[in-house]
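Presented sequentially are two complexes of chain A, the first with chain B as partner and the second with chain C.
On to the complex of A and B.
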């Protein structure tokens, strides 16, 4: 008897070891990519140079304005560091949001935008770009888009929460309400876009695909704060989210109010997604597919799925950004395209190779 | 013979469903007749009707007004009216079937990646001038490219399922993978495209009936009849599928084979609709849900009622599009009007479990 308990423990230890190993590898990859991303771009620096500059800057040794190094330091500190940080944060945030959304909605097709956040943001951005109207007053053009996008992104969420008392809060009803709201919003943006001239359409289109090239230090703190807060709330909930895989009634008999938790998660996830897309546009793929990839590798236990999605998502988005910059130094290939091009084949290969069905 | 109360209850419900179906049939019939007279040229529908009758009977129009009316009704409104019914029907039937066979309320005809594959085919033609079948006119090249590419995701699923047992969700995930690949490829193609080409691609992706002419009616009719007939024939088997794969196996149904066959038929018929109209969204997802709220989830009645509701949605919005100035794409209007109605119906029927 004792030996079988020992064996079981050993087995379980192996089981968790694999998962923790995966997370550690992802974190190492993220750190390496961060270093690499400092060196890659229009101004090519060697890895040592970029690392020395970065560490010197952290230590407070900022090169003086007249030195040769000042220029490189400026590039690294004001462009590459915020961009890399943003990619890490956005990747982690969107992946976790996707993983949790799929869990609480019990639907593999769900992603962070299921509640209509992206179509709301798109409408806000279209209004700012096409009509030149922004809620933030007559600020800088870029800031106007951001403010509009985030305000409009929250409207569908508020609508769903406000409609909450009048609906069954089953996953299907909530998803369908979200889909209806997002269709309504995208039809309004389509209306704007169809009537506009083709160069404005191209601008909106580029916003929509999602690119990290406009990220500056100003956008890092708000996103970092929101994503960290979101992750801090969601990590402890992972056991409860596991329970939600059950029928709502069974979950209730285990002492969990699924409907309430679902609504709470919905709001948190939407805010997490909205803050990211209002700065960089609608980055697709990451939120939907990264959780699936992690699930195919590690299984569906949310205790590991959520942190692993965060680590893998962060590493993945930054890797894609580095690749998009190194292929095309003028960074005109948006990161949203690279994510699909690299991620989709991996995803398909994993599905085909996988013996068991994780969903 | 005494009928038990359960049987009576069942008959009462079945009758109620049939009444709803009849109501929708009447609506689509009236709407189609009305639709004949709708265009920017004002014409009462009695006149439009008369013109059509005359044309069918072979009476040549004599006055200038009659010739203009004849041109408008026969050349413009009649084909669009018919196409609206067929396209709406195909999309809604395919949506209903997809939702049933994948057991997923979010599924629609495009779930396995048809729309993005077709969009990629279209972008190839519009932006780069590449066409699968050479030496075609612009519009025909777009249609043929869209059609051919739209079939690729289904072929991939058939291929994979030939050597691997897959749950419906895994099939959907393959579709999603394909969708992202094609979307990324489309973005690549669009990146170096001219702004005019971008606009044309964008309008195609919204979906419109404005490119319909008499040549498109026959393929659309074939698609519609094929989808409706085949899926009506297997509706009982699709019902069994919704009980779960293991249960349906024990009832003598091969769930994976049935699902793959359904995917293929959905792909072919949807591809035909899409290549003439572009990717009209919303209808394929929402028409079946509205139908479900009225007649329940039994595919025997759900499939035909979805077809009628889809036809109603597209016909109604196409009428509006023709009335309004600016030539808006049909796809925009469908969602704009349909979404609030859908939310309202969801709210009204919240006590019934549709899914």
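On to the complex of A and C.
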């Protein structure tokens, strides 16, 4: 008896160790990619140079404005560091949002944009870019786009929450409502875009596919605050989210109000996705597929799935951004293109190799 | 009724905060007023630079003498803001020293007005800015007008990088379009990324010692200008497509000063004044009401304050569509606004298609281009093709005005416009064996 308990403990230890090891490896990968990302970009700097500049700046040794190093320090500190940090935060946020969304919706096709936040944000941004009208009052300037995007991103969420009582029977109805709202908003955006000129279209297009090119320090704190708050709320809920895999009635018998939790999660996840979209546009694939990849490797226990998705998503998005900057074209390829280009074959290969059904 | 301690603290904090806000607001408003006042002072100045006290196109001894006189009379910068060359708030010997450095071409920082739509309302503002002087290495947003301006000024080797689209004339194949000489920084004539992928600007700036980026006044040009300023790269904004002679003078005199090509600037401005005078003279001889619309994109009309509509207005024409409401845009898509063809509301005799195509090298199929640009409008417009003209937009602005004038005015013909255009080629083009009368700068010939 004792030996079987010991074996069980050993087995559980192995089970836990494997999962924690995966998370640690992902974090190490993210840190390595952060370092690498400092050396990749337009200005050619070696790994050593860029790391030295970064550490010196961190230690307060900022080169004087007259020195040669000041220019490179500016590039590292004001362009590459915020961009890399944003990629890490956005990657983590979108992946966690996707993992939780799929859990609470019990649907493998759910992603952070399921509620229509992306199409709402796109409409808000299009209004700012095409018509020059923004709720922030600054026209097509960056702040105007961001404010418009976040306000319009939240409209579908509010609509779905308001319609919540009608969807009690099935989470699938919520997804369908999200799809319907998305289409409605997309049609408004399309209407705006068909009347505009090619250069404005190009601006909207970049926003539509998601690009980290315009990230600055100003973008980092709001995204960091929202994603951290979202993670802080969601992570303690992981056991409850596990229970949601059960039928709603069974979950209720175990003391869980699935409908309420689903709505709460929906709002939190939408805000987490919306804040990312507002700054960098719609980065596809990450929220949908990263959780699946992690689930294929670690299984569906949200206690590990959530942190592992965060770590893997962060490393993945930053890696994609580094690749997008490394390709020798006139400017960087939008990161949204690279995420799909790199992620899709990895995902397909995993599905084919892993024959087990995780859903 | 004694207040408790906390209430007093709260009131004190609110009062202090309110005071700070009021002081900040007053400071900002006053500061803004100062710039507006300076802008008014510089309105007619041919070189809108602090220190250019006599308002001509140059910084020279005449300016230093006037400033010396002001110092002797104890005048202040408030009374004579343009005399404060170094913008330290007072008129002193330091201003004269700075101007002497400029005259000698020594390294210093000058203060001048940038032409920029700062508040995003679609009109050009004067924005006070500082620029490191002199300039020997730049990058630019490459609109065809900007390249033409540089070309006329002989600013060629100084351009180290540029972003430009496919419509830039092949005339520039061995200059700005030669990527061995000028690094291509993107395919948009409006945007250059500072630091991004391999094709952004930060490496060129560093390796070629670029100190400035030159761009257009329109806000859609170089929207990320703060990235450059943060990196210590000056942003100089000019109005390459302007039809206003005073602004044209500023453009060329400013380039002449910054690149130490004052003599060339003097020659270009003299010719600009001559031809603009000729154009004004020619159009004033005929009293005619002109109603026309400009188009710079296929199936789009320009309205409002666009540089294209400005051509029509500069020639005493009117754009009837300006009376309509088009949602704040300067480009309206005709197929989505069929009202533009409603003759009860808008009547116009001409549609001028101002388009960039390879005319100098004569390798464009102009009849085909004309057909592409005009056919949809011809389907809906009362005059069909009669009154639709294609005019090349890669040429110097006065030549563009001259060709359009030859369409509007009976007494002006293409040969006259060709003559004005040929003058630019003969005097200022590096490649000056071009016979403009044999090339398709206007179609069909007016």
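One rule holds for everything that comes next: the second predicted complex is superposed on the first by the 350 of 359 C-alpha atoms of A that agree within 3 Å, B and C clash if a C-alpha of one lies under 4 Å from a C-alpha of the other, contacts with A are read in each partner's own complex, and residues count from 1 in each chain.
As a working rule, contacts are C-beta pairs under 8 Å (C-beta built on N, C-alpha and C of every residue); 3 or more make two chains touch, one makes a residue touch a chain.
Being a predicted model, the structure only gives us computed values, none of them experimental.
Undergrad: Chain B versus chain C on the shared chain A, clash or fit?
TA: Aligned on chain A, chain C fits beside chain B.
Undergrad: If we overlay the two complexes on their shared chain A, which of chain B and chain C does A:348 touch? Say first, second, both or neither.
TA: First partner only.
Undergrad: Regarding the shared-chain residue A:213, is it in contact with chain B (first), chain C (second), both, or neither?
TA: second
Undergrad: Name the contact category of A:221: first (chain B only), second (chain C only), both, or neither.
TA: A:221 sits against neither chain B nor chain C.
Undergrad: After lining up the shared chain so the two structures overlap, which partner does A:13 touch, if you call chain B first and chain C second: first, second, both or neither?
TA: A:13 contacts neither chain B nor chain C.
Undergrad: Touching A:194, do we find chain B (first), chain C (second), both, or neither?
TA: Touch partners of A:194: chain B and chain C.
Undergrad: Applying the document's definition of touch, where does A:202 land relative to chain B and chain C: first, second, both, or neither?
TA: Once the two structures are laid over each other on A, A:202 reaches both partners.
Undergrad: Which chain, chain B or chain C, is in touch with more residues of chain A?
TA: B
Undergrad: By the touch definition at the top of the document, which applies to A:74: first (chain B), second (chain C), both, or neither?
TA: The answer is second: A:74 touches chain C but not chain B.
Undergrad: According to the stated criteria, A:65 is in contact with first (chain B), second (chain C), both, or neither; which is it?
TA: The answer is second: A:65 touches chain C but not chain B.
Undergrad: Would you check which partner chain A:41 touches, where first means chain B only, second means chain C only, and both and neither mean what they say?
TA: Only chain C is touched by A:41; chain B is not.
Undergrad: Measure off the angle at the C-alpha centre of chain A toward the C-alpha centres of chain B and chain C in the combined model, and quote it in steps of 10°.
TA: Roughly 90 degrees separate the directions to chain B and chain C.
Undergrad: Taking the superposed arrangement, what is the smallest distance in Å from a C-alpha atom of chain B to one of chain C?
TA: Nearest C-alpha pair, chain B versus chain C: 5 Å apart.
Undergrad: Using the superposition on A, tell me which residues of chain A are in contact with chain B and, in the other complex, with chain C.
TA: 194-195, 198-199, 202, 332-333
Undergrad: Would you pull the chain B residues touching chain A in the complex into a rising list?
TA: 104-107, 111, 160, 164, 166-167, 169-170, 172-174, 176-178, 180-181, 183-185, 187-188, 190-191, 195-196, 198-199, 202-203, 206, 281-282, 285-286, 289, 326, 328-329, 331-336, 338-340, 342-343, 346-347, 350-351, 353-355
Undergrad: How about chain C: which of its residues touch chain A in the complex?
TA: Per the stated touch rule, the residues are 120, 184-188, 190, 193-203, 205-206, 219-220, 223-224, 227, 230-232, 297, 300, 327-329, 331, 333, 336.
Undergrad: Within their complex, state which residues of chain A touch chain C.
TA: Within the complex, chain A touches chain C at residues 41-44, 65, 70-72, 74-75, 78-80, 131-133, 138-141, 194-199, 202, 213-214, 324-333.
Undergrad: Could you please specify the touching residues of chain A with respect to chain B in the complex?
TA: Per the stated touch rule, the residues are 107-110, 163, 166-168, 170, 172-173, 175-177, 179-181, 183-184, 186-188, 190-191, 193-195, 198-199, 201-202, 205, 209, 284-285, 288-289, 292, 332-334, 336-341, 343-345, 347-348, 351-352, 357, 359.
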